[in-house]
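There are structures below to look over.
One chain, subunit A, appears in both complexes that follow, with subunit B as partner in the first and subunit C in the second.
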Partner chain A sequence: MTAKGASIEFREVRKTYGDFVALERFTMSVAQGEFMTLLGPSGSGKTTALNSLAGFVDADSGDILIDGVSITRMPTEKRNIGMVFQNYSLFPHRDVLGNVAFPLEMRGVAKAEIVRRSMKALEMVRLDGLAKRMPHELSGGQKQRVAFARAVVFEPRVLLMDEPLGALDLKLREAMQLEIKQYQREIGCTVIYVTHDQGEALTLSDRLAVMEKGAIRQLGAPEELYDRPNSRFVAEFIGSNNILAVEGAAGDDTLVSGLGAVRLSGGARTQRGFVAIRPEHVRRSAAAGWPATVRQAVFFGDSFRYLVEAEAGAEISFVEPRRAGAAAAAPGETIRIEFDEGGLIHLPE
Partner chain B sequence: MNLTRPAILLLLLPALLLVGLVFLLPIAGVLSLSVHGEAGFTLEPLRELFGSKVALLVLERTFTLALSVTAICLALGYPAALFMSGLSSRARAWVTYLILLPFWISILIRTYTWIVILGREGIVNRGLAAVGAEPLQILYTDVAVRIGMVQILLPIVILACLASMLDIDRDLVKAARVLGASRWAAFRKVFLPLSLSGVATGGIICFILCLGFYVTPALLGGRRSTIIANLIDIQVHRTLNWGFAAVLASALLVSTLACLGIFRLLTRRRAGFAAAGFGK
Partner chain C sequence: MRLALGLYFALIVAFLILPLLFLVPISLTESQFLEFPPQTLSLRWYAAFFEDPTWVSAALLSFRVGIGATLLSLVAGTLASIALVRAEFPGRSLLNAIFIAPLILPTVVLALALYIVFLRWRLVDNVWALTVAHAIVAMPYVVLLVSANLRRFDVTIERAARVLGAGPVRAFMLVTLPFLTPSLFAAGVLAFFASFDELIITLFVSGGAQTLPVRIWNDLGLKLDPTVPAVAVMLTAVSIVGMGIGETIRRRNERRYQSETSTET
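== the complex of A and B ==
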């Protein structure tokens, strides 16, 4: 399979259902061969964006282009897009081969060629031995692979995936993430992937867009969004964060609710907004730092997770890797905590 | 709720008794009547059946009528169900009420109404006269019988088809479309095959109900529209030949069961085709 990805562009796409605004001036460019994830809670518009690209919903206004050509007037079947659905959507009356062959049949490919290409797609997902099975005879992971093979068998330049791993259990999900990423590299198509699972988004994506209320809140590479969230919403949605309100400034320091004066990452000076502190950027210290009382200590095997209350009232959770000979703090105990350099991120909103 | 076996039996007992007493027992009676004469066991009524051209003709006519009415009901009912499956659930509920509305009126009255509509001086012929056309002889023909039966059976077929359509995951049609199928191809390759179970259910219920129809053919049909239920009635009420009536009823029962058997065989083979899928 040599199909290379197409570029995709959403231009100010708007879609409403009655009073509900599903997409509001949604603008996004996806480069050729890029793996782009739309991440957001349900109702944030990510599926509407995907469906408007696939042609299942007509946008009220705006334009969508594939390789610079507007497709908004093009019927779904002419858009040449591969798609994997959340519940697989395998045709229950066709066997595995019949499912994978479907897009090729629709394109009028010769019969022998259909079988050859379908089997090749099934080989890629290592299911060529199950070609004659019916969908109901497959496990969840196998169904997922068939759905993937069916979506890419006709070498589409754009592949859409709508929460494709949502119905699988955690272990299988992690294995399938790696597979999907590997297949995408082999095929080279552009992928738009919709999920509400931030872990999945961080693992798979070249870039990801965090969505809320029909608009993109932040768009960037996974590390960028993890390390420099631009808002409280993004900071809370990606990973876990301690979020404290800013109360004012004192010289180079910022006064933070429940904690006191801190030095923000990058020397940021502000009077308003919030401060985010990742649990892995908090440490126990021997002498210096803020005194805090341990409220909870939860054992996680390789680490302890603590919830502590600072003297001024802020509740802060953090992770402490276990080391040989180091004793864990017990609830009720008073300890001291300090923050990594650059671990305090300012959130303007 | 988990029930013990005795509890299940106890709960089923009233229904089993009722079915046994008022259904199975009489059927056994009818079956035995067809091979019992005054002098004990006899095959005389059976011989009479195969010797009677009228009986065989009526039996054949009954099945032809049932088949044609079923075909018309499916041809009209499937598109109606298709339309309903695309409605919002609210609108669908209303349409369902409308479809069930005729059930509030007795079959007898509905059948008499057709006499008013189709009769010599009926609405249809008066309409034709008004535009200067020749009147049509519709009443007391097979056409009138079919119209009357279709009207009565259509709701059942529509609802059976609708039930299977509502079971189809709409994402399957979407998947077909995005994978390259036109509207028509998605319908033909995905929606239609998946809705066939409802077509089969509706068709077989309709067919079996047709076989037992009595009032409509009696009132709307002519002499040549007599079907087996009418013939049985004549044997019971006029000629008092109960043995022959019983053998006719048994013949109907046996041939109905035979039809069901063939149907099962056919649908199983169809499922086999589906299992073989592409490439067969």
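== the complex of A and C ==
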């Protein structure tokens, strides 16, 4: 399969349901062959964006283009898009082969060719041995693989995935993530992936867009969003973060918060907003640093997760890898903490 | 308390099925008259039914009208259900009530109304018009069953068919219709019997043409011989078989869709 991906462009797409605004001036460009994830809580508009690209919902205004051609008025079945749904949505009365063959049948492919290509797609997902099974005889992971094979068997240039792993348990989800990534590399199609699982988004995506209330809050590579969130919403949604409200300034690059005065290596643009510190950027220190009282120490096997209260009142949580011979701090104990250089991020909003 | 409830249950069940059970021995009598218990057993009155051309033609007319009304109500009722379940338009609940109305409206009222219209349009004594009239009575069953089933259908399965290359009609035929098949069958059985044992409207608009219920009705006025219970027993047997097939199909389908609907969010 050598189908190359298509480019996708959303131009100021707007969609409302009564008073509820599902998408508001939604603009996004996806490059050929890119794996783009829409990440956000439920109701943030990510599924509406996907459904308007698939043609299940008509946008109120705006335009959607595939390879520069507007598809806004094109019926769903002409858009030539592959799609994997959260509930698999296999056809219950067709066997595995019948499901995978469906898109080829709709395209009038010759019978022998249908079987050959369907079996090839099933081989890719390692289910060629189960071609004659009915969907209700398959496990969740197998159904998901069939749904994937069915979505790519006709070599679409665009593949949409709507929370495809949402119904699977954690272990299977992690295994399937790696598989999906590998298949996408093999096929080379452009993928738009919708999820509310930030871990999944970080693992799979070339770029990801964090959505809230029908609009993109931040769009970028996973590392960029993780290291440099532009808002409190993004900082809290991706990974975990200690968020401290800014109470004032004590110089150009120093802000006052519940921790006391903190210097920001990147400087502060305003004197409002929040300061974010990732738990992995906080360390216990022997002498220097902020004094803090341990409130909670939770054992995680390979690490301890501490919740401490700084003298100035801020609550900070951090992770400490366990090392042989090192003793854990107990609740009530006073310790000192310090931060990695560049670990403090100023969030203007 | 347990005993009282048990007794109550036995009484209700007896009330429901005992009259039916009486019919079987009565229909098997050798005698000229309705008698219970029968003195000697025979299939004489079953044979009498098939030998009398007026009974046979009445039965054939009933089948003809019944099958026509069933097909008509299935097609129209299914299309109506799609609109009632899927479309958003003003007056939808009113329309829903109108489709169900023949079930609630006194049949005499409907019969009189149809009679007046049919008189004016010269449709009295017209088999096709009678079929349409029966379809009106049968349609509520189709609309009720099919729209209830359609509401349970996971629309993303149809969406999957659409996005993978099927047009709206093709997607419905290939994906939604198989899901609806058991409810269509059940609705078809109900619709058929709604037409098959329809008496009042038929008396008003058939203009003398005899369907099976009309024939039985006329017989009751003149003489009452054991052919009537024989016909009744055969009708009961036919409906039991019909319902049995419907239930089998429904169970098979249930199994297929179970895992799909249980993961629905």
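Worth pointing out:
To be clear about the criterion, the second predicted complex is superposed on the first by the 340 of 349 C-alpha atoms of A that agree within 3 Å, B and C clash if a C-alpha of one lies under 4 Å from a C-alpha of the other, contacts with A are read in each partner's own complex, and residues count from 1 in each chain.
Everything below uses one rule, namely that a contact is a pair of C-beta atoms (placed from the backbone, for glycine too) under 8 Å apart; a residue touches a chain by one contact, two chains touch by 3 or more.
Please read these numbers as outputs of a predicted model, since none were measured by experiment.
When both complexes are superposed on subunit A, subunit B and subunit C clash.
Of the two partner chains, neither subunit B nor subunit C is touched by A:Gly220. In the superposed model, A:Gly5 lies in contact with neither subunit B nor subunit C.
In the superposition on chain A, A:Pro103 contacts both subunit B and subunit C.
In the superposed pair of complexes, A:Ala54 makes contact with subunit B and with subunit C alike. Applying the stated contact rule after C-alpha superposition, one finds that A:Asp95 touches subunit B and leaves subunit C untouched.
Touch criterion met: A:Pro135 reaches subunit C, while subunit B stays clear of it.
Applying the stated contact rule after C-alpha superposition, one finds that A:Val115 touches subunit B and leaves subunit C untouched. When both complexes are aligned on chain A by C-alpha atoms, subunit A residues 54-56, 75-77, 79-83, 85, 87, 89, 91-93, 102-103, 106-107, 134, 150-151, 154, 160 touch subunit B in the first and subunit C in the second.
For subunit B in complex with subunit A, the residues that touch the partner chain are 169, 171-172, 174-182, 185, 189-190, 193-194, 274-279.
By the touch criterion given at the top, residues 54-56, 75-77, 79-83, 85, 87, 89, 91-95, 97-98, 101-103, 105-107, 114-115, 132, 134, 150-151, 154, 160 of subunit A touch subunit B in their complex. The touching residues of subunit C, counted against subunit A in their complex, run 154, 156-157, 159-168, 170-171, 174-175, 178-179, 255-260, 263-265. Across the complex, subunit C is touched by residues 54-56, 75-77, 79-83, 85-93, 102-103, 106-107, 134-136, 140, 150-151, 154, 160, 166-167 of subunit A.
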